[in-house]
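In the two complexes that follow, subunit A is the common piece, with subunit B as its partner first and subunit C second.
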Partner chain A sequence: MSYLIVVGVTIVIYAILTVSLNIVVGYVGQPNLAQSAFFGIGAYFAAVFSTRYHVSFWWTIPLAFITAGAAGLLLGAISLRLREDFLAITTIGLNFVVVAVFQYVPFFGGAMGIYAIPLPSIAGHQFGNTTFLVVGLVMLAFVMVASKYLEHTWFGASLMAIRDDETAASSIGVPVASYKVVAFALSTAFAGMAGSLYAPFLSAVTPTSFGFTESVVILAMLIFGGLGTIRGAVLGALILGALPEAFRFISNYRLLTFGVILLLMLRFQPVGLVGDESVLVKLTRRSVATLQRQRRRSREPDPPSAAV
Partner chain B sequence: MALLEIDDVSVRFGGLVALRDVTFEVEEGQFISIIGPNGAGKTTLFNAIAGVIRPTSGRIRFRGREVQGSRPSHMSHVGIRRTFQVARPFASMTVRENVRIAAAGRAVLHSARSLGLRARSRTLGERVDELLQTTGLTPEAGRRASELNIGGLRRLEIARALASEPTVLLLDEPAAGIGVDGLRPLTDLIRGVHHRGLTVLLVEHYVGLALSLSDRVIVLDEGTMIAQGTPEQVRNDERVITAYLGRAGRTAKGEQAGSASGGFVQPDEPGAPR
Partner chain C sequence: MVVSSLINGIVLGSLYALIALGPSLLYGILRILDIANVAGLTLGAYTGLKVFGATHSLPAALVAAILASAAFGYLLQRFLYRPILGRGPLIPLIASIGVFIGMEEVFRLAFGPYPLDFPAPVPLPNVHVGGTVVTGVQLLILIVGVVVLVGTWYALRRTRLGLVWRATSQDRETASAMGINTGLVIATIFLIGYALAAISGVLLGVNYNTVYPTMGDIPAYKMLAIIVLGGLGNPLGTIAAAMLIGLVETFVVAYVGFVLPRDAIAFIVLIVILLVRPQGLLPGESFRS
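Moving on, here comes the complex of A and B:
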């Protein structure tokens, strides 16, 4: 049971990362292969401030949110002017730079990282794994609601306009450059928030936990589930997060398995498992429509010809 | 003072001179066509006015203010909106959503109001409905923009450009690829838009359409303005005929007189492959 909860917390953290990554990759259509670095920035700042300055866990959450968001704002402003393909490469570089900073700057504890991060407590009780799971789920719900809200705002619609056609978006007055940067900062801020949960949960942070491969894993989960949709982001994290736990052999060849799954997905269902226009979503829509039609027909005593 | 002044504008791409010292003025409410053979610099001129490219030299003034080199989103906000030669719809959105977001404008997109929910702005909804009506897109309002045919895409381009009530409308080959059947409704639509008081600049390959609609015509050839004037003047201009038809055109001119386009040979019918 306890083991399942630990797996659950890991999956929930991955889900926060995929949902937040979806804002930039799914809505704006800009590649980001450095999400794990911003996750790390959040985790590291939470770790440093809770161990060295005894800041309470609850304060490290907004702190991680702001520091990761600020880093996203700065790095996004520099790199988001690049075309998509160059941006992808630049974000890979960003990830390596951030990890190197963790490794070589004494403030972040060097190669050893930071350990003995205190367990947070709530109303005088120390966190157990279940508490971590509950707090994680609340964070995930927050990020999901925020994303859903974003989808229905002018800002969110503008982001999708940028994804569809950047030139046309700017021609109707969308401030493309600044909107990209704001979306990037928001996405990285949410990832940083996940970091503030990760640090006390593992009680230690090391530079290698936030490497480029982790960014690839997060992106793979998102693409697998369905780019541009919140349900896809969550489902991708759930399935690809649970697979290595369910099957030991996958755990040993995690990246290989993910790579194969991703290739198959891109070949046969490029919109992802439950992305818009995916086979599953279309089937669901069709069966819902059929059900509704049947229900309407059963309610009405008249022959169907009269209904038409 | 003219509404829009193009003052000695040149655009160079490396060694290629796409526009050379182009100068003209646009008065409020005018309908001006820019015609010329392929590669004459028509779209380059539009891109310079719309802020897509910065002129290598020269000035562009809108209401007396220098605007050359401003971003496209800024030009859109001051009231200059454009359509694209190759339609650029927001493919994942419905037709209505395409027009709706274009209608949001500066007041919404450049303020914290952009974080407000879209559903709340009812007034915008009415304007969007009206625009869909004028452009004849109402039956397709709920469909995805990617499902529209070429005629629908052309009208969507115009609806989107009109959405935030611009002062100047730049139409980049709105008739390209729509075929003869679609030409009449399109002409009516453009004429209607102009009659509502809009200043229109039209780049058109189909010269007959351009001449029939405009107050004034500007003729570009290889980046240089070779003629400007009323459609009548341009139609009879020696240099224009040479530019379009080469030397042989001069002799052909007489035979063409009295044809539907009023003596001017149409180099390219709409719908013709290019």
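Moving on, here comes the complex of A and C:
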């Protein structure tokens, strides 16, 4: 049972990361292959401040949120100057540089990382795994609600307009530059927040946990589930996060599995499992429509000819 | 000291140029950043190592490596890239990252996670230049580098293949309308690109006397920095940028010192350049109208 809870917390953290990544990749259509670096920035600042300055867990959450978001602001500013594929490789580089900084700058504890991160407590009780799961679910709900809300605002609609046609969006008055930067900051800030939960949960952070391959794993989950949709992001994290746990042998070939899944999805179903226009969603829509039609027909009175 | 740094820098630059040239040609023609190219590099290194173990002949190892890697590149473009070409630059890029990561795992499973030695004796003498020694391996890298780079320049500027490459890279549809078999051109460029990757893989393995599954990581991201720096899809700019990065790395490490590992230098240079001069040092052919 407690093992399942640990797996659950991991999946919830992945889900926060995919839902937050979806804001930039799904809504704005900008590549970001450094999401795990921002996750790492959040985790590291939370770890440093809770071990060295004894800041409580509840204060490390906004701290991680702000530091990761500030770093994301920088990436957003860089993104303005670059086309999609240039930006993609810049984010790859950024991920490597951030890991190198964790590894070599003494403030972040060097190659050993930071360990003995204290367990948070709530109302005098230390966190158990279940508490972590509950707090994680609350965070996930917060990120999901924020994303859902975003979809219905002028800001969110503008982001999707930028994705579909940047020139057209700017010609109808969308402030493309500032909106892009804000989207990057928001997306990375959420990832940092996930980091503040991850650090005390594992009680240690090491530089290699936030490498480029982790960023690819997060992106693979999002693409697998369905870019641009919250349900896709959560489902992708759930399935691909649970897969290595459900089938032990997969965890040995984790990256190979993820690479192959990524290739097959991009090749045959680029909208993802439950993205808009995906086979599954279309099938569901069609069968729902058929059901409704049948129900309507059975409720309608018999045609007049039969009544004669 | 200066001379030896200069020589080390040029040798390093030649290696980088060999690594980055293939993907640069591919980018020029397809607008795809082919990170999977370094999977071809690692494949070449392992094939070379195995064949060298069986035959004890470096040329045989090199030929086998080129064949294996070129075949891999051909299959990749036939079954992965061609079908998704029309979907913008991002989807092929992510697909190639998928190949890159998946292949590293394949190498780990096939050859084990530990570094293997590549103790191939190079049939070239050590040469003394200005008080420092150029080792046989370094000499080999320089010779192969010069031959390949001059050969590429000649092929692009003076042959029919080069003409066709430039036509296709300017506009694939128009080139195809003019009777160029663009499918064949793409396949040829992939064969060349992956053959170059195999050569650099064997040279890397011999130079550092080690072959391991993730040996492509650092070349992968350095190659990206070099391609962007050289103006995407411009082979000559790529070579210039490779030399620049090789020299800067060597001199910064030797004289200035740097808090981060030397491999981070390329990307910091890249980020600065992108912000100051996003079209790269030398704009690619495709950017000239």
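Here, the second predicted complex is superposed on the first by the 299 of 308 C-alpha atoms of A that agree within 3 Å, B and C clash if a C-alpha of one lies under 4 Å from a C-alpha of the other, contacts with A are read in each partner's own complex, and residues count from 1 in each chain.
Throughout what follows, a contact is a pair of C-beta atoms (placed from the backbone, for glycine too) under 8 Å apart; a residue touches a chain by one contact, two chains touch by 3 or more.
Bear in mind the structure is a predicted one, so any value in this text is a computation, not a measurement.
Novice: Aligned on subunit A, subunit B and subunit C: do they clash or fit?
Specialist: They fit: once the shared chain is superposed, the two partners occupy separate space.
Novice: Based on the superposed arrangement, let me know which partner A:174 touches: subunit B (first), subunit C (second), both, or neither?
Specialist: The answer is first: A:174 touches subunit B but not subunit C.
Novice: Per the contact definition in the header, classify A:155: touching subunit B only (first), subunit C only (second), both, or neither.
Specialist: first
Novice: Roughly how many degrees, to the nearest 10, is the angle at subunit A when you join its Cα centre to the Cα centres of subunit B and subunit C?
Specialist: Here the answer is 80 degrees.
Novice: Compare subunit B and subunit C by how many residues of subunit A each one touches, and report the one with more.
Specialist: The partner with more contacted residues on subunit A is C.
Novice: Under the stated touch criterion, which partner chain does A:266 make contact with: subunit B (first), subunit C (second), both, or neither?
Specialist: In the superposition, A:266 contacts subunit C only.
Novice: On the A-aligned overlay, A:219 touches which partner chain: subunit B = first, subunit C = second, or both, or neither?
Specialist: second
Novice: Please work out whether A:165 is in contact with subunit B alone, subunit C alone, both, or neither, and reply first, second, both or neither.
Specialist: Touch status of A:165: first partner only.
Novice: Please give the nearest C-alpha separation between subunit B and subunit C in the three-chain superposition, to the whole Å.
Specialist: Superposed on chain A, the two chains' closest C-alpha atoms are separated by 8 Å.
Novice: On subunit A, which stretch or stretches are contacted by subunit B in one complex as well as by subunit C in the other?
Specialist: none
Novice: So in the complex, the part of subunit B that touches subunit A is made up of which residues?
Specialist: It comes out as residues 50, 52, 71-73, 76-77, 81-82, 84, 88-93, 97, 100-102, 104-106, 108-110, 113-119, 160-161, 163-164.
Novice: So in the complex, which bits of subunit A are touching subunit C?
Specialist: 31, 33, 78, 81-86, 88-90, 92-94, 96-97, 100-101, 103-105, 213, 216, 219-220, 223, 253-256, 258-260, 262-263, 266-267, 270
Novice: Please name which positions on subunit A make contact with subunit B in the complex.
Specialist: Counting only subunit A, the residues touching subunit B are 149, 152-155, 157-158, 160-161, 163-165, 167-176, 276.
Novice: Would you pull the subunit C residues touching subunit A in the complex into a rising list?
Specialist: For this pair, the touching residues of subunit C are 31, 33, 80, 83-84, 87-91, 93-95, 97-106, 109, 221, 224-225, 228, 232, 259-261, 263-264, 267-268, 270-271, 274-275, 278.
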